[in-house]
Every structure is written in structure tokens, then in C-alpha cells.
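Here come two complexes built around chain A, the first alongside chain B, the second alongside chain C.
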Partner chain A sequence: MALKTSEESGSPAAIARKHGSRIVAIWFILSLIIDLVVWFVWGPHMPPGDMTTTAAGQQFDFKVLTVMSVPVLLMVWVYGAYVIINFRDRGDHADGYYVKGNRKSQGLWYAATAVLVLFLAGFGTYELVVPAGAGVGEGPSPIWKPASTAHMLQVQVIAQQWRFTYRWPQFGGMETTSLVLPVNTEIQFNVTSLDVIHDFWAYQLGVKADANPEDNNVAYTKTQQTGRFVVRCDELCGIWHGAMYNYGNVVSQNAFYQWATNMEAQNASLTKLLPKYSTVYVPNDNVAGGQYFNG
Partner chain B sequence: MSKGARAGLVMVAFAAAIGIILFGVFGYLRSSPPVVSAVPSATQPNTVNVTMQVDGAVGVGPHPTWVGYWIQGANGQYKQTTLLKVPVNTYVHVKLYEYDSGGPLRNPYWGKEIGTAGNVIVVNGQPVSLVNSYAGNGVAHNFDVPGLGVNVALPGVNGNAKNFCNVGPCNPSEAHNLIQFTFYSGKTVHNYRWQCFIPCGLGYLTGNGGPMQSLGYMAGFVQVVK
Partner chain C sequence: MAIDMSQSTGVGQSGGAGGSSAARWFARGNIFTATLFGAGGWFFGHWWGNVIAGHYTSVQNSGTNDVSWLLGAIFAVVAWFIGLGALNHPIAKLWGGEAPMAEKKQKYSIMEYFSYSTDHKVVGIQYLFAMLMYFFVAGLLALGIRTELLSPTYHIWGPDTYIEIVGEHGTMMMMMMTSIIMGPFGNFLVPLMIGSKRMAFPRLEAASFWFTVPAFFFLLSALWQGGFQSGWTGYAPLSIQGGVGQDAYLFSFTLMALSMLAASTNMVATIINYRAPGMRWSRLSVLTWGMITTAFTMILSVPVLIDGLYVMGMDRAVQTSMLYGQHGGSPFLWENLFWFFGHPEVYLLALPGFAITTEILPVFARKPVFALKTSIAGMIGVATLSFFVWQHHLFNSGMNPDMRPLFMLSTELISIPTGFLYLVGMGTVWRGRLRFNVPMLFMLAVFFNFLWGGITGVYNSDVPVDALIHGSFFVMAHFHFTIMGQLMFAVFGAIYYYTPLFFGIKLSEKLGKIHFWTMFVAFNSTFLPLFIVGWLGQPRRVFEYAARLQTLNQWVSISAYVLGLSLAFFVVTFIWQLVVTRPKSEPNPWDSRGLEWQVGIPVPKDNFDRIPVILSSPYEYGNPNAGPMADLSPTVASVGSDA
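Moving on to the complex of A and B:
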């Protein structure tokens, strides 16, 4: 930028450098302070929390995105505020400063923001697939899997208008309406639907996968903290879509196995009536409601 | 009549027409089935009684062929509704006459009786904790209140019975199952939605349209009040 004023001494280039240096200094100090606040104060409270590895990964992504965008935002705001404060009309009705392009500063800005955008594109792409699909549904044949699949807990999520139920193949194939998970455990969600397209969104777990009829949408996560989480349908699925939610809990491993074995025993007679466990739950249409199902 | 008076008359007429249209539109949008209050028990404290019936076709109103519920009011008269008002912290004893036919369930999970006293219901005098929908007349519908953790599978009647009730309101001289159960209304004042989870909206996409999505038929609210 080049500025010219009758009130300031020195060449226009020197005046411009002085203002430019001030702007850069203010911008740098503010960016540093706000970025530190974002990372260390606000960051740990950003959604969706850190109950699971995937939630923590998403929180990390939000922190990185915010920290990277703050300097860009501040440069615009600081520059605007500086101009409003310093270059305003002081009542002498004289011509204001004129601004003309400066290839170096413009080029630097373009290059810096381009690098930033390209970095974030790469970062975002990497973070979407690492670790193990970042909690997003990967379809029936996931490419990105956890490093270790031993001891992985399998949970089938069955969506139907307008409720979720869950099947547990490692506990006799029982089905429940409640979702309880053990802490420090790799989980594989097999998400499917009995009717229309739903979406399984376990917000605090950082897991989100569409529930499609006759399809198995796999999502992975690893629990790392106990606590309560909410499950919502995130695909408009009919008039009671807004009521299609429930709460789940991540509990200690002992509490989980006690709950699961109790439920398995309680549901034993019911489980016998369920279809044999399959990653895709395809109901028999020649049954009650089935004849209605296809209209 | 002067020009101004005529203009005024036109404006008044226009405003009146708009008012009538809005009254009709909002009246329609705000229309709702009646709310029936449960009847306090004369013999048991903290207990209310509710008598309901489920018909394969309600027989009245704008959709007489839709499956739906009737709830009996304090005066003994049935009202075609699914809005039930019960007091908080109360045991709700339900006597339900089921007149519709049934069959196997798409998801047999809904055959389990959950959230009722003892996790059982009494069907024609016999305690039942799980309905095998592949046996007998199967399951016709279920009464499920997710917020209260209640799921009641309602066994169906024989659709070929000579005295099968084709059009409601049905009466006990026609084929039916008498189903009784008790659930707790909870400690929280709230409108708990309930619905049938068996797709019984004949002729609608995935069987979940029409009566399945309409208050007064197979979806409603249990209004828990002080």
C-alpha cells in the first residue's frame, strides 16, 4: 500500500511502511493471544467433546480450523479498524489518503491464504479418513479400519420410523432399545434401517452414519471417557423425526458386562424370536405390517 | 354512494374475507382430537383407570377406514382420540379392547411387553410377557411410549371370525382381546408421544403414513399433568 498525506513527513513509501508495520504488529500480537486462548481455553470445551477418539479428533479439527482462521479474520478486522481510526476525515475536508496496490503485500496475502486453504484441504481430507474413518459411516466395506480389530464390540443400529433399536451379536444377538457402551473399547457400529433413510448421529461420540434400508453402513470409534450421550436421527424421516432420539451411556467395562449379561438373560426368550443376526436386517414383508409395508 | 364510501366498503369486505379465510385456515391447523382424562380409581390410591379400544377401521370422521383408537371418557362415552391425560406420579391401569387382526412382526422385538407392572400384560385373563407373533393370531398393534419406557404388544384377533368387527366403534359382543396392563406415569410433567411401531398404514409408503402419522389414529400423546 502507498499512502500520501500532507500532515505526515517523509516519503509516501516510508509513511506506508510505518502504518503497515503497525498493522502487522497489532495483528500479530492479537492473533497470538487469541489463538492461545482458542487452543488452551476454548478448545477443550469445543463440541463434540472427547468422550471417544473420534469425538476428540473432531474437536482437534475444530481447534486447528479456528486457530488457522483467526489470523485471517483478524487481518481483515485489524486493517479495517486501523483505517477507520487513523485515516478518517478530521474535519479539514482535505482529500483522504489514497491507496494503491502493492504487489509484494498483495502477493504475500494471496500466497499465504492459498497455502492456508490448500493445507486445510489436505488436513481435512486426512482427518476424514484417519483414524479409521473419523467416526463417519464408510459403507459396507470400510477402507479405513482401526489398527486392531481384536476385542472390538459390535453394535448393530436398527433405525425405523421413529425409533432406534440395537442388536448385540456378541451377546446372543439380543436386541435392546437402550445403548450402553464400555469405556476404553473399540466399537463397530453396523447401521441399517427397516424402512426409509435415517441417520444415526451419536453426537458426543463423534459418530454419524446414514441408516439405509438393506444396507450396512459401518462406523468405528473408541470410547475413552464415561458419560452420557444423545443419539438423534439426522435425516428428515417423517412427522415424528424430531422425536426420534434417545440417550446412551458409556460406562465402566464391569458395569457394561453386567448390564449386557443381564439383558441377554432377560431377553433370551425374545431373542429366539428374532431373525438370525445379519449385518443387514431385512425384515420379512410377508408378515404383519409387511403386507402394508409395500403399500 | 360516494367514491370514498365505495372504496371503504370494498376494503372492509376484503378485510372480512381475509379474516374468514385466516379463521378457517388457523381453525383447521389448530384442530385436534379431544383430550380424554383418565378416571381416578375408586378403590386404589394413586391409580387412574383408562378404557380404550383399537379398531381396524374407526368408522367415523374424515378417514373412517383408517385404523385407530377410541378412549372412554368419565361419562362412559368413547371418543375417537389418542390424546390421554393422566396425573403425574400415578399408576395408570389400562383396559384395552383389541378388535383388529394381527400377524407376525417385521421386527419381533416389539412382541416384548416392557415397562408395564411386572413387565407383563393380562390377555383375556392370562399373564403375557412376550407375544410370539408367529403363533396364534400374531400381533395387531403396539402401544409404545418411548419416553416412559413402555411397549405393549397387542395380540390380534382372528380376522376370519364371524363376529369380526370391520368398522368401529366396535363393541364387546364382537371378536376381541381384552388386554389389561398398568404403567407408571413418571415423576415429570410432560407430553409423552406414543405411537404404534407396526406399520399399519395400509396403502401408504412403508406402511407408516396416514393413520401412523396422525393424531387420533395410531399416534398420540400421553399428557402427564399435575
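Moving on to the complex of A and C:
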């Protein structure tokens, strides 16, 4: 549908309307089709799934942002393709149409981008505050907490070069190397590090919090499905950063309490040797072999 | 051996101009004397550091002496500059003399390019080759990374070598990108575009280039000294833990920071003070606007980097404990200092890319820049907002959660001024007569690539989504689209566009199109799948990943090899045409109105016989009533009429 622009006549406004209406029509139809596909077909399968409330929240937000991005991408592509096809040099080395600005289209652009951006900021803030921090580490004194903290399971994540260990203050302060969680439970992660900065990223749980030395970083989530999840370190922490991962499971509440009480009993003799449970641990280099004290 | 400091041998002067003091090459400042002096400085500093700090408990415990490494490096660089002859002028001044500026010449000997030249056109070409050297070496390192990632477990490099290569690639690229437009194109073109015969501070300009050379070699040397494990972000306390390779990181980064400060100071002073009569701010070319906004951003943000690196150096060398906890410091200090520089930095990579794209687009669309003031407002807006977004790198850090909505808002606001680039670009091509020469193809690709980078930037700024993709390959793909997809494509377009002016040759359209299409397809094929890889849970900087991601990673690696071949094709064809075939160019091959194209090829030694009088905007394409942009041989009357 290449037009002979060199022979185009009529007022600039009429020409703009002619080309503009075609571009808008193509853009609108394509955007509508692709957005529907994104929302209904692709959206429910987007990572990281819906094992927890925060994972589901991240999935939803990703879907919303994608639905909003598609029309923007298509606007530039459709416009660009139209221009490249129709407004090319015809071999006569002529100059283009002399115009240095257009108050209406510029104004529309400013308004549209401002509305889009303010909506996104509002949406992002809502999605951050309402689901209690969206699974992100909130530091030692979190400001967005779950509505009910009565039956919350506390898990401490201790990162060090190059492994994660977990401590359970509600189970005698025992320490385990694997992470097992009960389903349908509010969980509070207290993330800390013994050496450099790490990051606790439980992918399918939708939780991510930096593990800072001598600092407690709190993140919340609520499990809603059973299954296996992976924990990876997500902040460069040295040579074996790439190998710093392990796996965990969300299991039924009964299975969890069975596992936890078994572990507590098994580990009782070792738990006695550990420093007392604390939100942070301070290394003491003066003792041979190193030792950790409560902060 | 002594450097000839007699008055007649000015900085970078190749001597013999007046026939009076034909100092031999080894007695003039050049790269050979500089290297010799630098090596001497290194051994002196290193020895002295061992004398001073050899008995420190930290040195005795760890077996590495960061004091001696850093002193060696500092003395090496100072001696390097003495060897280049950089101090001849200040010392002559102290003695009450006045070393004259080196005579500019129409045609330089090859040696001129290896000396402390104060001619902005020489500096531009020096920068071009040096920055391309950075780019291609760092690019080879990237291929090393992709080779490792062919398999989900480590197989080629050990984990230590792998992480060294990752850090080296990132740091080298980030250092180079700050200067790849301002260095070659800013230095060469700004005086031509504003109608000036010279830069405001040519010696500062020369210094800015000669910092980048030791920076490159010190950074590269880290690979032979155990490397640095901290990546280009250098998070403490990991960066305090590392060996002397970490000193190489912080020292070379500091040199590059000094180079940025020198270059941007010169740029600001030149653009404000050296504009020709009639060169109003409204007639300034977009590239010049890009340079001045970038330079201001650098001047305000780079000192923070220097402070941060200084703190890191002190913590490592003499245990000042500012960046680690045991004695009152905090790792958060480094995170804040680093990103307070680091986020303005990524925009000062993007701004020159925007500027050069907007500069070149109208020439090939044959139309004026659409909404010129909007494009300038966009650049100023990006530069200003860039100081208020740094904590979006730290959404998961546990720092002040209250501020997250604010940083989310400020980050998303920045997409308004970056969106102006699209408004301006789309308006400029509307009803144009597009000419699809090689530079134009690269400019159109900038819009295509940056769209991916820009839109995914919104994902990163949204805190809940950032919780998913922070630190993953998604982020890595995002900034490769904004930096390589936007900035490097703009750079290659600019190289094809400006070679007639730089070297008097016009690169082949046919070879250029082969380069463009292979690079464009391979680039997108390399980095688009990485969004998916990161989204599916692969963190950055890992050598082990989930087996289910192997197919995608192999696809990416193979695309990266094709991208590498495409760039190798550019290197070979570029050098072949530059050295062997030298296809001669007409004076203004693209029919540009820009002042820089009106002076003829090759550019005369003083740029202009007389300071021109600027009569109109450089972008009046399609205006039948537009006269030339400038009067190149003005009389007294014409100066008066405009003023």
C-alpha cells in the first residue's frame, strides 16, 4: 500500500489524517489481538508461577506491565514500518516536508506519557504496599506487614560464602541445611549474612532479599501451593557464587510439623553448640578458626 | 635521559617547527619515553610501599601488600605523564617562561598520534582507536563468558577465571562507554560545530585521553594478578576481601574517572565560551547539546565515584574500615556512593547516543529535527532526574523501604524525557525522504533496540516485578539493549557517517550494509532470549545454571559468536579501507547542512580561516528559503548585522 507521496496534494492536516488514520487502525487491531493473547493465553503461565501470594503478585504485575507495553512497542513498530515503506527517497534526492513541530501532537505525547507513567507508579506502589512488601527485603524494621501475624512461621536465612543455612527460632533455634515450609502459612524470612553481601532468592516463592553482614533483612510471603522450589544467591559473592544454590519444598502442614519436630530432636545436641539465636551474628576473628557471637 | 624542557619545545610539539630545537624523538614526550618513565615509577613506588608497609600486621597476615601496589601504580602514572611531556608547560611556567602551544599542522606524522597532542582533531582520532581497542578486547572477554555458558556446569574456565572474565568485561565496557562518544566525536566535532578554531583547555583535553591508556593496561593487568571477584559494581566487603587484582580495578577506574572530569571540564568551558558569533543556544547542534549536558552530569557525579574508590583503596591498603562493619563502617556506604555515581553514569552513556542519533537522523530524513527544543529538554530532563534514581538498584537491599515508592516514581518519570527521543525521531521521519545509507540504518536500529531497553526498564523500576528480575539475566539483557543496542549502534553509525571528515575516506556502502545487517540480527538474537533466560530464573554472573535453560543459553552463545564475527568483519573492512584502498570521499558526501561539513576535507589545520558568522540552524532541510548555515568568510559588516 505504498503511496506516491511525491504527488500528494491537499493540506498538511488532511494528509496527516489520511496516513494517521491508517496507522492508528493497524496499531489498534494488532494491539487488541496481542493484548488479549497476552492476558488470557500467556499470562497464566508466566513465571514465577503462583506457589505463594507474592509469586502470584509478581506474575500478575508482570502480566499487567506486558499488556501495557505491547501497545507502546506496536505504536513504534507500526509507525516505523509505515514510514519506511511510504516516506522513502524516490531517487530524486528531494527534501522532505518542512515542519519543525506540531503543538497538538507534541501535547498529546506529553500528556499520554505522563498519564502512563503516573499510572504505573501508582499501580506499582499499590502492588508493593498491599501485599506486605511484595516479597522484597524490607530491612530490620519492616513497614509493610501481613494483616495477621498470629500464626506466622519464622525462618532465619543465614548466607555465607558459599551456602545457605536456615535457623528456626520457633523450633528451639535449630539449624538445618534444607528449607521445608508448610502450605497455607504466613512466613517471615529474616535474612542475614556472615561475610559479604549475598541475596536470598527463592524463585518460586517470589521472595528476594539481600543478605547483608550484621544486618537483618525481613521479607514476607504466604505459601498457597505445595511443590519444589529453588533458592539461589542473587548478589555476586565471590568465586563460587554460581554454585551457591539449593532446593526447598513446600509441603502439607502435617508433614512440615513432623519434619520440623524430628529435625529438632535429631539436632538437639548440635543446637546446644550454636551461638544463641539472634537476628544478626558478628564474626570474631580473634579466636582460632573463627567464631560467631550474637550481635 | 631527560625530557627536553626548553621553552621552544611546547607540550606535544614535535620540535623542528622553527628549526631551532630539533630535539630527537626520545627526548620529546611520546609514548616510548612515557612507558620507560612509567616502568621506572612503578618499580620505585612498589619498592617504597614495601619499605613503608612491609611490617603492617595486615600485610604480614595476608601476604599481599596493597600499599606497595597502589604506590607503584600512582608513581607509574605520574612518571608516565612526565614522560609524555605533560608537565613541561606547567614547569616552564613556574620558571617564568611560556611554552607555546604546539604548532598545528595540516598533515601529522604517525608519531603525533602517539604523543601528548593538544590538537583536538588528533585527540579525537586517538580516542577513537583507543576506545575501539577497549571495546574489542572487552568484546572478546564477552565471548569467553558465552563459551563457558554453553554448558550448565563449568567446563572451560574454572569458577575463578570465569568470574574474573565477567568483572573484567563489565568494567572495561563501562569505562569505555563513558568516553566513546565524547572522546572521539565530542573532541573532534564540537569546535567544528560551534565555529571555533580550538578547545578551551587543550592540555586538559590531552590529559583526558592519556589517562585512558594506563587505565586500560592496569585494568587488563588484573587478569595476571588474580583478577577481581567483585564484578564492575565492586560491592564491599567482597571488594575488600579480594587480592591485588581489586587494586587494579579501583585504580584503573579512578584513572578513567579523572579522564572523564578532564574531558567534561574542557567540554563545558569550550561550548559556553568558544561559540562563533551568531551561534545562539537555539542554533547549537544537538550533538553539542548532548555533550554539554553529559559533561555537566559527569562533573557532578564522577567526584562521588572518585571518593568511593578512594575509600575502597584506603580500606584495602590501610584498614580504614569505612566499608565493612567490624569497626563502624558499613557496606551500604559503598552501595550508595557507587550507585550515586553509577546511575547518572548509565544515563551519561545514553545521552550522547540520543544526541548523535538526533544529529544524524535529519540529514537522511531530509527534514529539520522535529520539536528540537523538546529533544534538548529531554536531555536536560534525563540528566537532572538521573541524580534522583540511584536507589532503584537497591530495592532488595533492605535499605529504607519507605523510599521505594519515591524511587519507583522518579525512575518511571525518567521515561518521559527518554520518550522525547521517540517523539523527536518519529516526528523527524514523518513525510521525510528517507535515504537508507549505512549511517541511517544504524540510527533506525537505535530506535528499534532502545525500545526493548526502555520498555524493560519500566519492568525493572516496578518494585514487585523487580523482586523477580533484580540481579537476573533480565536486567543484564536490559542494559545491553540500552548500552550496546543504543549507544554502540549510534557509535558505529557515527563512524560510518564521520569517516569522510576524520580520514578523508568514505567507507563502502556495500560492506557497511553487510556489517549492519549481520550485527543487527545477531545482536537481537543474542540479547532478546536473555530476557527470557533471566525471567526463568538465571541469576547474573553464574557459571552454573538450570539444565532446562541450556538450549536458550546455547542459542545465545552461538548468536554471540556471529555478533563477534560481524564485528571482526567491521575491523577488517575498516582497516582495509583505511590503510589499503582509501576510497576518497567528496567534501560533503551526505549533503549535510552542518557547519562541520562546510570546512572541506581534510579539515584545515585551524578549522576556519576566519571565525565564521552563524546565520541559521543546522537543520533547515526542506526549507526553500534557508540560506547557508554560516558565512565562512565574514566581513566586519556581516558580523555587525547579526549581532
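Rule of thumb we're sticking to: the second predicted complex is superposed on the first by the 245 of 295 C-alpha atoms of A that agree within 3 Å, B and C clash if a C-alpha of one lies under 4 Å from a C-alpha of the other, contacts with A are read in each partner's own complex, and residues count from 1 in each chain.
Convention: a residue touches a chain if its C-beta (ideal position, glycine included) is under 8 Å from a C-beta of that chain, and two chains touch if they have at least 3 such contacts.
Everything numeric in this text was worked out from a predicted model, so none of it was measured.
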| item | value |
| --- | --- |
| Chain touching more of chain A, residue-wise (chain B, chain C) | C |
| Touching partner for A:223 - first (chain B), second (chain C), both, neither | neither |
| Partner chain(s) touched by A:52 [first = chain B, second = chain C, both, neither] | neither |
| Partner chain(s) touched by A:246 [first = chain B, second = chain C, both, neither] | first |
| Partner chain in contact with A:209 - chain B first, chain C second, else both or neither | second |
| Partner chain in contact with A:196 - chain B first, chain C second, else both or neither | both |
| First, second, both or neither for A:138, with chain B first and chain C second | second |
| First (chain B), second (chain C), both or neither touched by A:156 | neither |
| First (chain B), second (chain C), both or neither touched by A:76 | second |
| First, second, both or neither for A:88, with chain B first and chain C second | second |
| Shared contact residues on chain A - chain B and chain C | 195-196, 238-240, 243, 283 |
| Residue ranges of chain A in contact with chain B within the complex | 158, 160-163, 165, 175, 177, 194-196, 238-240, 243, 246, 267, 269-270, 273-275, 281, 283-285, 287-295 |
| Complex contacts: residues of chain A adjacent to chain C | 5, 15, 47-48, 54, 57-58, 61-62, 65, 69, 72-73, 76, 79-80, 83-84, 87-90, 93-102, 105-106, 109-110, 113-114, 117, 120-121, 123-125, 127-129, 131, 133-140, 142-144, 191, 195-197, 199, 201, 203, 206-210, 212-218, 230, 232-243, 245, 282-283 |
| Complex contacts: residues of chain C adjacent to chain A | 154, 159-160, 162-163, 229-231, 233, 235, 237-238, 241, 324-326, 331-332, 365-374, 395-402, 404-405, 408-409, 412-413, 415-416, 419, 422-423, 426-427, 429-436, 444, 447-448, 451, 455, 458-459, 461-468, 470-472, 535-537, 539-546, 591, 621-624 |
| Residue ranges of chain B touching chain A (in the complex, touch as defined) | 102-109, 111-112, 114, 129-130, 132-134, 138-140, 144, 146, 149, 151, 156, 193, 195, 197-208, 212-213, 219 |
